[in-house]
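First chain A sits with chain B, and in the next complex the same chain sits with chain C.
Let's turn to the complex of A and B:
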């Protein structure tokens, strides 16, 4: 009974401390400084001096890492500081560190695949122990999702830049079919350095556990492309637009897995044809039915084609 | 602590077996699987005198290394002779462990002796070191190890907070702390109930794992023996006590400076694996 009461009291004390920390630190994110990795970063980029103002602004945007009270980064016994705010300039949250590890790990994917080994190698380049790969799932899910998210961000930036050029009058506005073709091609080209191991990644993305995240990333990418495609009349309603482009993207991606032509020219030709089909489809009354079929084909064919692609890639 | 273990050292494995009827092996397997070590990992196993974790670690790393080498060979089929020759020079092709090492540290010389004998008997020759040391004051430098494990040892440490601080100190940045322990209770009344639960259920589970369906039948019968309401409440209480213990240990690990501290229950909370990272 004593142990229980003690345990409960202690748990209560922690809760109270945490709440105090949250309340007090509404002005600044209640982050706990990562001591070991912060020391590593300080050692590695000694000459890179960030101005105080910009770094604290950066930290405002990053989401709080948890409910833990903040502590000084030095010393083995974290003390409860009176002031709020960060202590050092090399201050980052767990999420930011994980982000850095995954980015570093991408370099090792062509050799090790989308695995914990690649993540371990990535951690090593940052000066961390290989055991840091234990922060992530052993099937490489987070690495793949991170990569997809990064590619989508790159695509967004690319499309935004192009849009700016058009707005400034420095470039012509592309017709809708050319726009879609170029956007999908640009996005798929980002897979080229990793194409050997991409079938493996696709199968991991199809795991039930990962489907919510991977589907979310896919649909937001598709929506993004349509957003930048602008107000061009295509006779599609919003749902059809999404389904059509998703089908085009998925089927082209699968074709790319099995394409051995120089510069993937077969894939780009396939893409061109699919987009053209979509354009003619918009003029027929059966568009809803066909897009439904296309989407089903695109998604259901994934599992079969991926496994075939995997074996054919390995042979090659 | 030392005297107790001196007498018990030789019988330690037998004691473990009788207490848990062999399931402790499964728990230790799960621990190493959770660790998922890659070749080149440096492991410190504290209070693991007889070497259970160490041997499992070596087996795991060896099989991972084999797979790596197989993949390399497949890749080499596409290379020229010159490139293959060069890679033989660079890689430590002969190292079946890929430079992985485990240091077994124990406060008890007898336990270490038993462990060394076991290693010889089972044929483990490379990658193992045996060091005499106290978990509260480890004889190692800072930032040395990739992983620190303590399996069924932390309950024997008088100052757990010191042991955790030492663990933090000797781990490299990014290193991982893993602790496998019973979620035991200090209250005598509740611990009796706990023992009842453990000794009734665990032996049967052991037999079930071994594949005897008749034991499963026995388990059902023995659970039925408990008066329904009392049994349920006792069970709930046990779970609650185990949870409090696990949360306490998690809090202590966080206090030592570890991040992403989490625990995983095995066998309905009899045993838990706590994990934390030095970030």
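Let's turn to the complex of A and C:
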């Protein structure tokens, strides 16, 4: 009885902590998933293959005695040893668990697409029940958003590393068009392993429910590229540059979906041309502006001359 | 670092600098930048009309100070990676029209405009100082210093405006 009470207390504590972690997360799975995931963790600790209904009862009956739950999850997410029981002392948050499942699921995307099947397969490799797929939407939204977020993070790290090399003088600073071209190419190359299923992902990203998140991810990625390219504009150019680069990125991505050339060389050539167009456009804009200013100066000069001539004639 | 948690929140891949309250700082810098930009345009408008009058040098001096304020906020904007307001083209025109329009009413009009604008700017800066102090005076020490100094200078402009308004 004491053991059961302790077990209930621990299970309640886990649920409360999971709920707290999820409340902080803006993209929350439904509440029923909280209970499912707590039970899943129990299932993974004790019995891998059994259906989770019975294993949750098992959990209540045999908790380790006298255990104090930790207050916070450990910093970087814990490495999973894959052996049941050893991880039961480790309280990772809801977010970290989902993160691990989705990362594991990516390996199965080329085969199963961005679906619950891929997530279930990923969960299986972590020793979790396939019911883990129930934590997520059936259209694979979270998986795709997770993938995009991971790619963006990788891109930022790559750009930061390159910037450091330039600062240390170990690399040449690239001209803007080359920098943008390389950054967009590097980011698009991350799609190559998943390219068969990427059109499906694009359509999911455009679902109204996902648009705030996908737009946010897109805009911050573009902003990152411009930041590392050295953009320091504080006027409307800030918006113009980002809009132009977003257009370049999106169109190149679409071209890549339809590209069957070896090594996607058609796509990279398309990218090069679009970036060159953008550079020409900005040069033309500058020229138009200076021409405009010159014309205005000329008119002002003419007006002053005419009025002076008029005044001097009046004086005479 | 925040890789694990942030990755599942499908938002920004950017990491917060030193744990500052990014949304609050973003808003503060964006609004201040827009305000100084607008003030610049107001003085430009006033100078266009009253530049060659007796009050020209006074307006020019206040304008120079606003230019330095704008420069400082532009630097802060780049440092904190804040986006500028999308209404910049609008403030460009509206500010100039307000400045020129009030100057066309004469020196008194221009000074009255200056007094009104500087009063509301000072109040606005005071609110921001309050907000930052409530958040964490130590963390935002540099920003607080900048805003306090600018608030004092705007207050000076306000007083100069009153002086000339009363005289004229």
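Everything that follows uses one rule, which is that the second predicted complex is superposed on the first by the 189 of 316 C-alpha atoms of A that agree within 3 Å, B and C clash if a C-alpha of one lies under 4 Å from a C-alpha of the other, contacts with A are read in each partner's own complex, and residues count from 1 in each chain.
In the analysis below, a residue touches a chain if its C-beta (ideal position, glycine included) is under 8 Å from a C-beta of that chain, and two chains touch if they have at least 3 such contacts.
Since the structure is predicted, the reported quantities are computational estimates derived from the model, not experimental observations.
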After the superposition on A, what does A:120 contact: first (chain B), second (chain C), both or neither?
first
A:221 in the overlay: touching chain B, chain C, both, or neither? Say first, second, both or neither.
second
Using the superposition on chain A described above, determine whether A:134 touches chain B (first), chain C (second), both, or neither.
first
Please identify the positions on chain A that touch both chain B and chain C, taking each partner from its own complex.
76
For chain B, which residues are in contact with chain A within the complex?
34-38, 40-41, 68, 146-147, 165, 168-169, 171-176, 185-187, 241, 244-245, 247-248, 251, 254-257, 259-260, 275, 277-279
Partner chain C, residues of chain A touching it in the complex:
25-27, 76-77, 93, 95-96, 98-99, 102, 142, 145-146, 148-150, 152-153, 155-156, 213-214, 216-217, 220-221, 223-224, 227, 232-236, 238-239
Show me the residue ranges of chain A that touch chain B in the complex, using the header's touch definition.
1-4, 7-8, 10-11, 14, 32, 34-37, 39-40, 68, 76, 78, 94, 97, 116-117, 120, 123, 126-135, 138
Within their complex, chain C touches chain A through residues 1, 3-14, 33, 74, 77-78, 81, 83-84, 86, 88-89
